[in-house]
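You will see two complexes here that share chain A, one where it goes with chain B and one where it goes with chain C.
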Partner chain A sequence: MAHIEEHKDTQAIQREKQNYIMLDLGKTPQFGIPAFIQVVKRSLSRELLKGLGVTFREMINALFKGKLHTTQYPFEKLPIAPRYRAIHEMLRLLESGHYRCIGCGLCEKICISNCIAMETRYDENQRKEVSEYTINFGRCIFCGYCAEVCPELAIVHGGRYENASEQRAGFSLFEDMLTPIDKLKEQNEFAGFGSISPNADENIKKTPLAY
Partner chain B sequence: MDALTIGTIIKILIILAIVSAIAGFGTYIERKVLAFMQRRLGPMHVGPYGLLQIAADGIKLFTKEDIIPQNANKFIFSLAPVITAATAFIAMAALPLFPTFTIPEFLPLIGGAIVPSIVADINIGILFILGIMAAGLYGPLLAGMAQSNKWGIIGSARTAVQFLSYEVVTGLSVLAPIMLVGSLSLIDFNDAQASGIGSWLIWQQPIAFVLFLIAGFAETNRTPFDLLEHEAEIISGYVTEYSGLRWGMFFIGEYANMITISVIAAVVFCGGYNDLWFISGWLLFVLKVIFFFFLMLWVRAAWPHVRPDQMMWLCWKVLMPLAVINIVITGIVVML
Partner chain C sequence: MEEIENNGIVSLIIDGKICTAKEGEYILNVARANSIFIPAICYLTRCSPTLACRICLVEADGKRVYACNAKVKDGMNVVVSNEEILEERKAIMQVYDVNHPLQCGVCDQSGSCELQNYTLEIGVDEQPYRIADVQRESSNWSSVLHYDPALCIVCERCVTVCKDMIGDSALTTGPRGGEGLDKELKDTMPKDAYSMWNKLQKSVIAPSNETDQTNCSDCGECIAVCPVGALVSRDFVYTANSWELTKVPATCAHCSSGCQIYYETKPTSIANRYEKIYRVTNEWNYVSLCGAGRFGYDFENRTASKDANALKDAVVAIKKADAIRFNSVITNEEALMLQTLKEKLGVKLINNDAKAFKDFMTYFANAKGSTLSNGNIRTMMQESDFIISVGSALRNDNPNVRYLFNNIQKLNKGAGLYFHPIGDKVIENLGKNVACIENKINSEEAVLYWILDNFADKEKLPAEVKDYLASLSTTTKKTISETVMEDVVETVVDEATGESKEVTKKVPKKVDKEIEVNKSKLLEIFGAPSDFADTIEKFLAKKENFSLVVGEDLYFHPRSKNLAILVALIESTTPFNIAIIPPKTNSLGVSLICDLDDECSGYVIGYNEVGDFRLSALGDGDLDMPAMNQQEGTLTNMHKRVVPTNAALSYNGYILNDILNELGMGERLTIDWTKELPVKEGFEAREFDSLPNGYNNDGSENRGYGLKSQKVKATESLPKEISSNEMSADVMAYRCNPQRQFNEFTATAHQIFEPFALYASEEKASELGSRVAIDLDGTEFVLDVKIDDRMSGDIVKLPDFKHSFEIYKFFGQNRFKSISIRKA
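So, the complex of A and B:
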């Protein structure tokens, strides 16, 4: 009983401090006639039927109004947030179609799990050209530093999050991550830090303020 | 062999086949109903709307490795599921499952035969059913004790406590309608309620009906009282060590018991298979049984478990006195 008293004391202190509104639950008798009367009251006050009513209403809603929360995952997919850090993508310049990467090597430098390896050389126009570029997705922790540090928005995180594989190491080459030249028009630009997901409006729920 | 014996055997086979199929289908219905009540979809991928899920589950159960734990009593361990399944089906022998009908004349060989609504119309029908269902407690009891598993032991202890206690309430709650009807045969119960919805015994015995439903939930190990295999407390209780087909037999037994309780509730309290206005007795009876079956799933979705001490308290301090008072009042009314 001591710990219950203690609990009540803390409750009293909190009430003073934080101005909580306590629900009036009444007394809870433990034994004898008062306990029996409480059970009868609770059994006959339609509380049990109310519970049945709630479940039945939900069943009707689910069956006839389609209010279900199931997403049949491999067949249906929820939109992911633009800030989600999935498999990287290499973007192209929209005007010329040339890849944006200028071979500065910042992503390789900043990568904290050392999973980016790149080699560059000068091409015939004395421009930097990427000759080798590999990301080891077995090591990558998807911290997003490479995308953050990239001065040209050349490396960004895409939306491919289904990257289960049969072996630990999985290498991705530059060409694999590069936007295909014929799909240049469908290339998604990085929406920026702090951007919200496309279905953000649906996800907003009214806070219940009934009490 | 005379015609009656052959007819009875055919009927037994048909009832066995149909009830086992319905028991299997009941698992699908339960999963679907629970899913919709919890805003989910339930099984969807095997067959249209997951209808073939039963087949997939059945294949899985049949082909699963049959494990008998090292220190288990092998004989009793393999006997226990048979007891559960067998008693569940034996109880159906005295249970009317459809109205009495005559096979149409144009059918060869069996045309014109009258099919009574019951496999064995014994004059102690309901006593027999309750007795066999009470004997069904040996299934979980022996299963839990034979498997050398502490969860199993707790499960079987709870079996003994729960089933024995609620047996009393079931018997006492059915006693009042028996006094009114004056017979133990379920056919007589049905015939006593033949004159319309006003003659249903539920109006004369509402307390007995509620008590019987509560006790029935406890007897069939359904949710507010499913202490025998309460996952959160004792893993799976008496079925912890069971797998494959033996586990499946427990399952079929449980669902067959649910059907039995639904049928008893429909026959004893809700007018049985009598025709009502223009609705045929066949349809009405099936609808009543479906309603009581659905009620069990509905309650499972809505209400939480009770603690063992709460359940014992409910049985011995609330339900049993209520049942006894109900019997006394019924007796006085019958005497007057």
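So, the complex of A and C:
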């Protein structure tokens, strides 16, 4: 029993601490006639017309002044937050236009839904080339680990969130996700998961070079 | 005296743990055997310490020593790490990280890189040292080796393994062209780190023949031992990361060495999710592979499917068959199934390589009174200091025996005699105490008699043999000059005290002496060089542990029975440990499991061989069979162990067990046969799944189980006298596969390109021309002539790895054959 007593005490203390303001709503009528009078009073006061007035004003604005609040999806889309995790994008280097991916395979390794697959090869320039790359968006859970682990900020999350498809499996190839070369100027630096923190420079100790 | 009492066993404390070890062992190996971690980069078990990395620095009884080359002493106290040592190690790792590329993402070794591991382990989080880097271009050293010097940390493991284990000595350190270190560093940085860096800054690895191509046996062991991504196989570069690959522990199925390997698999591609083998790796501290084992892995039967009609045909064919012809590239379980077919259906079993081997082993057992020889190749490698090889083209027949031969020279300060009619330039150069004796063809009896004459305990020899040996020896007088140590007394004045003292000194003096020399006719019979006796005397100085390896030439020999008896006699009367090398992969297993028959007539089933109905794992038969990398089972290797192998790749067709099931004699699974292997032949009735396949930390083999030697009745133990089987012809051919080529499966692998051709030494090849027609008992083959620049002499080598040529048929009970050749 002791703990119930204790509980009641704490409740009382809390009530004392909180400063409630009680609204004066008058007396709620209990019988037929006074209740009827209250309804009539409230209905015929200006409150109703005020509401209707707002609706009418917005209608005029929308119909004749073009001030519409509705987003005409799918013709119109709202901008998405930079940290949102939607369909992946493959970024290019701004200087050379070459894709950033170095084929290290970390995204493939870290992927918890096992939806990334890649093939690499030794190319003619003695570099590691990504010859094939797919993400199965039917399996992807958009956890963002791939973007976080990517050492080159090559794979990032973009803003394209429409994933509806006719089949469960939906594969995207490397080229599908890669920034088109003519849109390189429009490529935005990713600010989300895995991107460099604004104070990154402060956390780095420079490697000394003798030359 | 204490050591003798302890039987050479000492006890010491490493890192607070009491360990026991054999005297003369290195601290590092003892620590590893006792699961104590001492960091070490450059050291390879079974090879000599190089002291390149210096990271294994420890304190033994208060003195700084390197664990990899300091030997244990009784009562020693080894401190693995203290502040000073840790500082030194950290500096070493910091130096290793100087200028090492940071693009781990594109490195093939990333994830299994020792530089990554030690950098993390030792906790390098900053970089206090610096030096200008030099341009280092990657290059291809051979058809399989890719070297990227930018990644190389010059630990010299590749150089060491190539010299001490493989014996090619194809690699060495070359100049890097880097600038020298700042002299001030010598005083400011830890001592060992400085000297390590000083050496590192001067060198890179280069082929030792001063070209940009290695001339070696392409075994790829340097790739295996490379701690970083500097040495990678050309085929593997940038194709997979180590963590993506599934390691399937297996046994290499190419030769009788039966090395433990891992098939590393991953889906073929994004579109094709069937597993593919990307590379073969090994426990390089405990086993070394050859080129066939490492690169000959893609021999799987891809075309197989469950063709029910073909299975029906196979059942019908087996029911009416008179014989089954097969070779020894099969598992023990399959051999047992074939034996079951023989027992139930009465078909004959024909296997050329195993038959000759089985006969030899039977003669050997009948002479000795028990099966199997006493020698163990792994123990030989550790202990032996004198090795004789008779009747085996070591370089081609069994690379691991060649590694044994080499390792004995390099690590045990040993000596070796290589008896073979064909000279071998690689063997010749394995050490300065190695002699290649080009004995006359079929004169191995004389060689074995010579061993008896020189090493046998005369008390134990049967009187007949003693008399026979005496009848062959002649005594001649010979004058030799001998160096004797003479005592000379000198008076010496001690400078410090001014006292004069008489000191006795030993001074060498040359004395001419006439001695009686026993010369045996045996030397003449097998064709020993004139200075043979002196060579042997030199080689035998201070030798204690003797090994003899005998090879295929002795089983395919007109006098193989007598040779087997002689080998048994050598085992019982001399200190030699003897290893008998099975000719092909599982010849030992097949010879124990199957009753083999001689001739073959009528309707023949060919299992990977020629036949009227062909079962084939090569995809070209009437019914597909799984290849060795697609099936589970056990193999019996030359170490006399029954070792398991696993399926690395999927297989869609029927297996031999399915045929037996159709006939009502099968088991549920192939591996259910494992426990049925004949116990009376030395096998154990053990389940397949209970067989381990690995190595312990101390390097001991934990694979399968050892065959047990079985007692038999000694019936014929007296060797006959030598009978002359000299052969002479314009061209002598020797049945021998090129290096890296063992059977049809290695021939299928895409990284093994040694063709089916006639191999000859440079001189002989230029004489023969580039293409020849060979007449073998009326059948003519047209073959290319390939130069094997490591052969010498006039004998040519004719391979047997393609079954369709039926080379065994032509050679019969001999590995040599006189052939006629004309230019084509």
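What we mean here is this: the second predicted complex is superposed on the first by the 134 of 211 C-alpha atoms of A that agree within 3 Å, B and C clash if a C-alpha of one lies under 4 Å from a C-alpha of the other, contacts with A are read in each partner's own complex, and residues count from 1 in each chain.
In this section, contacts are C-beta pairs under 8 Å (C-beta built on N, C-alpha and C of every residue); 3 or more make two chains touch, one makes a residue touch a chain.
Every value quoted in this text rests on a predicted model; they were computed, and no experiment measured them.
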Residue contacts on chain A - larger count, chain B or chain C: C
Which superposed partner A:L52 touches (first chain B, second chain C, both, neither): first
First, second, both or neither for A:K183, with chain B first and chain C second: neither
First (chain B), second (chain C), both or neither touched by A:Q72: first
First, second, both or neither for A:K109, with chain B first and chain C second: second
Chain B versus chain C as contact partner of A:P151, first or second or both or neither: second
First, second, both or neither for A:K27, with chain B first and chain C second: neither
Sites on chain B touched by chain A in the complex: 33, 35-41, 44, 298-299, 301-303, 317-318
Chain B-facing residues of chain A, complex: 36, 39, 48, 51-52, 54-56, 58-59, 61-63, 67-70, 72
Of all residues in chain A, those that touch chain C in their complex: 102-106, 108-109, 117-122, 126-129, 132, 134, 151-152, 205, 207-211
Chain A-facing residues of chain C, complex: 103-106, 110, 126-128, 130-132, 138, 237-241, 243-244, 267, 269-271
